[in-house]
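Alright, structures below, take your time with them.
Look at the two complexes coming up: chain A is in both, with chain B in one and chain C in the other.
Right after this comes the complex of A and B.
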C-alpha cells in the first residue's frame, strides 16, 4: 500500500518541481516568474491540442514519445521513494534500468533522425555523444556502490541492511558520488552548463532540437518523460544525502520532498550563475564527473574497506 | 555520524581534481581558497589530539587567514592586474590532465599501501590525499605555461607537504616553527610572483613563461 502511495505521489508531483527551477531562475533575474504549477498547465494545454505529422515521417516518429515516456516511468517503478519498498525489485535491476533509459533516448534519437531535418540529426549526434560519456560515470558509480554495499538494485542500495548514505561507514566517499551524480543530472537532463533548455537557436540546441517536430500530445509525453527522468536523478541524489529508514513514513516523505526541492533549487541556481560551456568543453565537464567517481572507486581499494 | 576528517580530505581531493581541469584562472584561485581552508582545518579534526590549547587554535586560525584569505587575495590581485583570464594553450591538455590526476591517485594509493608506515587508524586517507595533492601540484607546475598557474601549482605542492607533515608528526609538538616557516615561504613566494608577473607583463605584454626562453644577451 505504502509503495503504491509513494509512487503515485511521485508521479503526480514530478511536474511540480521544474516550476521551482523556473522560479529560482526568475528570482535571480529579478522577475516574478511563472506560477509554480506552470508545467501542469503546459501539459494540459499540449494534451488538448492535435498533432501535426510531416509527410516524410514514418511510424518510428510516432513511436518515439511513447517509448521515451514509458522508459522513464518504468524506472520510477523500481525506485524506493522516501524509503518505501518499490513495486518491483530484483538483483541487478539498476543495470537494466539504466539501459532502459538508454532505450528511451534511442527512440527519441531515431524519431529525430526520422524527420530528416539536418538540425535534428546534429542534435541527435550531440545528445548521443554526451550521454555515451555520461554512461561511463554512471557505471563507475554502480561499481562504487557495489564495492560499498555489495548489491545491484535500488531497493538494496537504500533500504537494505547497510544503506548507502552520507552518514554511513564510508560516507565521505559519497561526496564524490553526489557531486558527479549532480553533474550527470545536468548532462542527462540537458540543463545548463551542458545544454540550455531556454535557447531559441537550433544550432546551439542539443535536446530541444530533437523534439522540434513533435507537437501536441506527443510533445506532452516527451516533456512528461523528461520530468520523470529529472525527478529520478534528483531522488537518487536525495537518497545518497539522507538515509530514509522505514520507521516513520510521513516525516520521511516530507524530508524527501524538501531535499528534492533543494536539489531542483540548486539546478536553478547553477543555471542562473553559470553560462553554458562551449561544445568542445562539454566532454571535459563530463570527464571530470567520471574522474570524481573513479577517484572514489580507487579509494575503496585502498583504505575504505 | 559523518566522519569530518574524511569529508574534508575528500573535499581536498575534489579541489585537486577540479584544479587540474579548470581553464579559468579566477576559478582556479577560488578552488585554492577552498583547498587552503580545508587543508588548514584538517589538524583540528584529527583524532589523536582531542584537546588543543589556545596556542595551537590561534595558530590554526592564522593559518586559515593566510591560506584562505591573504594568499588568494594576492593571487586575485595578480590575476586582475595582468588582466589574464584563462590558460589558453597548456603544455598538457585538460583531458590529459584529468586522466593524469587519476593515475596520480592510483599511484598514491599504491604507495600508501606499500609504505607500511605505522599510521593511526583512519589516517591512511590523509597520506593518500597528501601525496596526491603534492604530485598534482608538481604536475600543474610542469603542465601549464602561465606563471600564475605555476605558482598555484606550487601552492598545491606546499599544501600537500603540509598535509604529509600533519599525517606523520601527529602534532605532538607545541612549537610550530616549521609550519610558520612554510607559511612565510609561501607568502613571500606569492608576493614576489606578483611583482615578477607584473614585470613580465610589462616587458612582453603577456605572462607566458615560454616567452622567457627568447631572452638573449
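Right after this comes the complex of A and C.
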C-alpha cells in the first residue's frame, strides 16, 4: 500500500517542482515569475489542443512522445521514493532502467530525424553525443555503488540494512557522486549551463529543437516525460544525501520532498548565476563529472586503504 | 584626388559644381581614393534625361563627391579594387538595370523590378516569391550540411533568410538574403507631398526613427535654407542620444539573454523601457516619432520635462553601471563573448564597417566627430580600448557608448536651460527647395553612419532620394563573423550587431 501511495504522490507531484525553478530564476531576475502550478496549467492547456503533423513525417514521428513518456514512467516504478519499497525490483534493474531511458531518447531522436528539418537533425546529433558522454559517468557511478554496497538495484541501494548514503561509512566518496550526478542531471535534463530550456533560438538548442514539430497532446506527453526524468534524477540525489531508513512514513515523505525542492532550487540558482557554456565546452563539463566519480571509484579499489 | 570636390555635411551645393568626369577618370579617381583609407558613403545611379549617371560620395577625414555618365554597363571595382563597392554596385544593377562589368558575385540585393524598365540584369521576372532566380552559394562534400533559417523567425524580429554551409557544428559560409521588407521608399519619396516626407523618414527603420528623420530634415533644411534654433538643435541631439542608449541597453540585455544569463537580461529590459519613456517625455512618442521636423522640433522641453529627465538620469545611471558590472564580470559570460565572431581590423577595413561594429574592430570613425551636425562639434568624443572585433568588443564598445551618451545628455541639458524660453516649436509645412541642388547629410545613428543624399531638378522638385542605413555596410560583417565559428554562436553574433532589416530593404 505504501509503495502505491508513494508512487502516486511522486507521479502527481513531479510537474510541481519545475515551477520552483522558474520561481527561483524569477527571483534572481527581480520578477514575480509564473504561478507555482504553471506546469499543470501548461499540461492541461496542451492536452486540450489538437496536434499538427507535418506531411513529411511518418508514424515514427508519433511514436516519439509516447515511448519517451513510457520509458520515464517505468523507471519510477522501480524507484524507492522516500524509502518505500518500489513496486518492482530485481537484481540488475538499474542497468535495464538506464538503457530503458536510452530507448526513450532513441525514439525522441528518430522522431526528430523523421521531420527532415536541419534544425532537428542538428539537435539530435548534439543530444546523442552529449548523452553518450553522460553514460560514462552514470555507469561509473553504478560501479562505485556496486563497490560500496554490492548491489545493482535501486531498492537495494536505498532500503535495507546498509543503504548508500552520505551518513554511511563511505559517505565522503558520495560527495563526488552527488556532485557528478548533479552535473549529469543538468546535462540529461537540458538545463543551463549545457542547454537553455527558455531560449527561442533554434540554432543554440539541444533538446528543445528536437521537439519543435510536436504540438498539443504530443508535446504534453514529452513535457510530462521530461518532468519525470528530472524528478527521477533529483530523487536519486536526494537518497544519496539522506538515508530514509531511519524514520518512517510521513516524516520520511516530508523530508524527501523538502530535499527535492532544495535540489530544484539549486538548479534554478545555477541557471541564474551562470551563463551557458559554448557548445564545444559541454563535453569537457560532462567529462569532468566522469573524472570526479572515476576518482571516487578508484578510491574504493582498496589500493589506498 | 584632384578630380574630387570637397563638400560639407549638410550643406547644399549646386549640381553644376559636382565634378562630372569621363567614366575612366571616375573609376580611376575612386579606386585611388578608396585604396588610401577611403570609404564610400554613397554610390548610386540616377537618371538624367535619357542618360544614366553615377554619383559617389566618399570620405577619409573629409567628404568628397564625384560623378560620371555611364552606358548600360559600367566597370566593376569590387573584384579589382575593394570589397567596399560590392553591395553598392549590385544595388545600382538592381535599381537601374546597369550591369557592373566584371562583378565577382552579381546577384540581386532586394529582389524587385528595376526603376527604368531596362532588361533585368539578373534574368528574374519577379513573379516567383523571393529569392526567385538565384542559386545560393553552396559547399559540396560528404560531411557538409546546409541549414536554412528564416525568413520567418522564432522571436519577434524582422524577416531575413540565412543560409549556412556547415561541416558539423562549424560554419564554413553564411549567406544572408534580405529584401523581404522592400517597400520602395527611395522610389516613392520624390513623388510624395513634402509634408509626408518626415513621416516616411521616421519609418525607414523603426528603431532609428530619430537618426533617419534627422538626416532627412537636415537635407530639407539645407535645400530650403531653413535655419534651426539652437535650442531645437540641442533637443535633437538629446533625442538621438536617448535613441542610442535605449537600443544599446536593449541589445546588451538581449546578449545576456542569448547566453542564458537571466538577471541582466531582465534588468536591461526594464531600463530600456525607461529610456523609451524618456523619449516619450520629450515628444509624446516612445520611439521619438513626430519630434524632428524641418526647421526645428515640434515639442519644446519645459521646466517639468527637464526635471523629469534629470531625475531619471540621476536615478538610473548607477543602476546601469551595476548591471553592466554584473554582466561583464561574470566569467561564464566572458567565456561566451570573448573570441566569438571575430572580424579582424584588416577585414573590417576592407568591408568598410561603420558604427560601433567598426569601432569594435579598431576603426575609430565616428560621424559625430568627423562630420559633426547639430551640437556635436562642441561635445567631447568617446574612445574605445577593447577593439578585438569579437562579440566582447562590440558589447564593451556599446557599454562605453551608453556611459558616454549619458554624460552628453547631462551636458546638453545644462546648455539647454538658456534657450528654454526663446524656443518656438515648428510644425511641418511646405518649403521651396533650391533647383538643381545636391546635398548629402550624415549622422551617427546608434548603429553607425546614416546618410541621405538628395538631388533636385530644375524646378526644385526632388529628383533622386538615396538612403543608406549603416546596416548596408555591416551585414557583410556579420557574415564574415560566422566564418569557422560554431553555428550555435550565430544568435549571439547576430545580436551583437543587431542590424536593421527594414533599413537595408528600404
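Heads up, the rule we're going with is that the second predicted complex is superposed on the first by the 299 of 305 C-alpha atoms of A that agree within 3 Å, B and C clash if a C-alpha of one lies under 4 Å from a C-alpha of the other, contacts with A are read in each partner's own complex, and residues count from 1 in each chain.
One rule holds in what follows: a residue touches a chain if its C-beta (ideal position, glycine included) is under 8 Å from a C-beta of that chain, and two chains touch if they have at least 3 such contacts.
On a predicted model such as this, the values are computed, not experimentally measured, just so you know.
Peer 1: On the A-aligned overlay, A:175 touches which partner chain: chain B = first, chain C = second, or both, or neither?
Peer 2: first
Peer 1: Looking at the overlay, what does A:279 touch: chain B (first), chain C (second), both, or neither?
Peer 2: second
Peer 1: Give one of first, second, both or neither to describe whether A:294 is in contact with chain B, with chain C, with both, or with none.
Peer 2: It touches chain B, and chain C stays clear.
Peer 1: Is A:166 contacted by the first partner chain B, the second partner chain C, both or neither?
Peer 2: The first partner, chain B, only.
Peer 1: Scan A:271 for contacts with chain B and chain C and give back first, second, both or neither.
Peer 2: second
Peer 1: Considering each complex separately, which residues of chain A are in contact with chain B in the first and with chain C in the second?
Peer 2: Residues 281, which sit in both footprints.
Peer 1: Can you list the chain B residues touching chain A in their complex?
Peer 2: Where chain B meets chain A, its residues are 1-3, 6-7, 9-11, 13-14, 17-18, 21, 23, 94-95, 98-99, 101-102, 105-106, 109, 112-113, 124-125, 128.
Peer 1: Report the residues of chain A in contact with chain B in the complex, numbered from low to high.
Peer 2: Within the complex, chain A touches chain B at residues 166-167, 170-173, 175-176, 179, 281, 283-284, 287-288, 291-292, 294-296, 298-299, 301-304.
Peer 1: Per the contact definition, I'd like the list of chain A residues that touch chain C in the complex.
Peer 2: Touching chain C from chain A are residues 25, 28-31, 118-119, 121-122, 125, 192-193, 196, 198-204, 271-281.
Peer 1: Taking the complex as given, what residues does chain C use to touch chain A?
Peer 2: 145-149, 154-155, 168-169, 256, 258-263, 265-267, 270, 330, 332-333, 335-336, 340, 486-492
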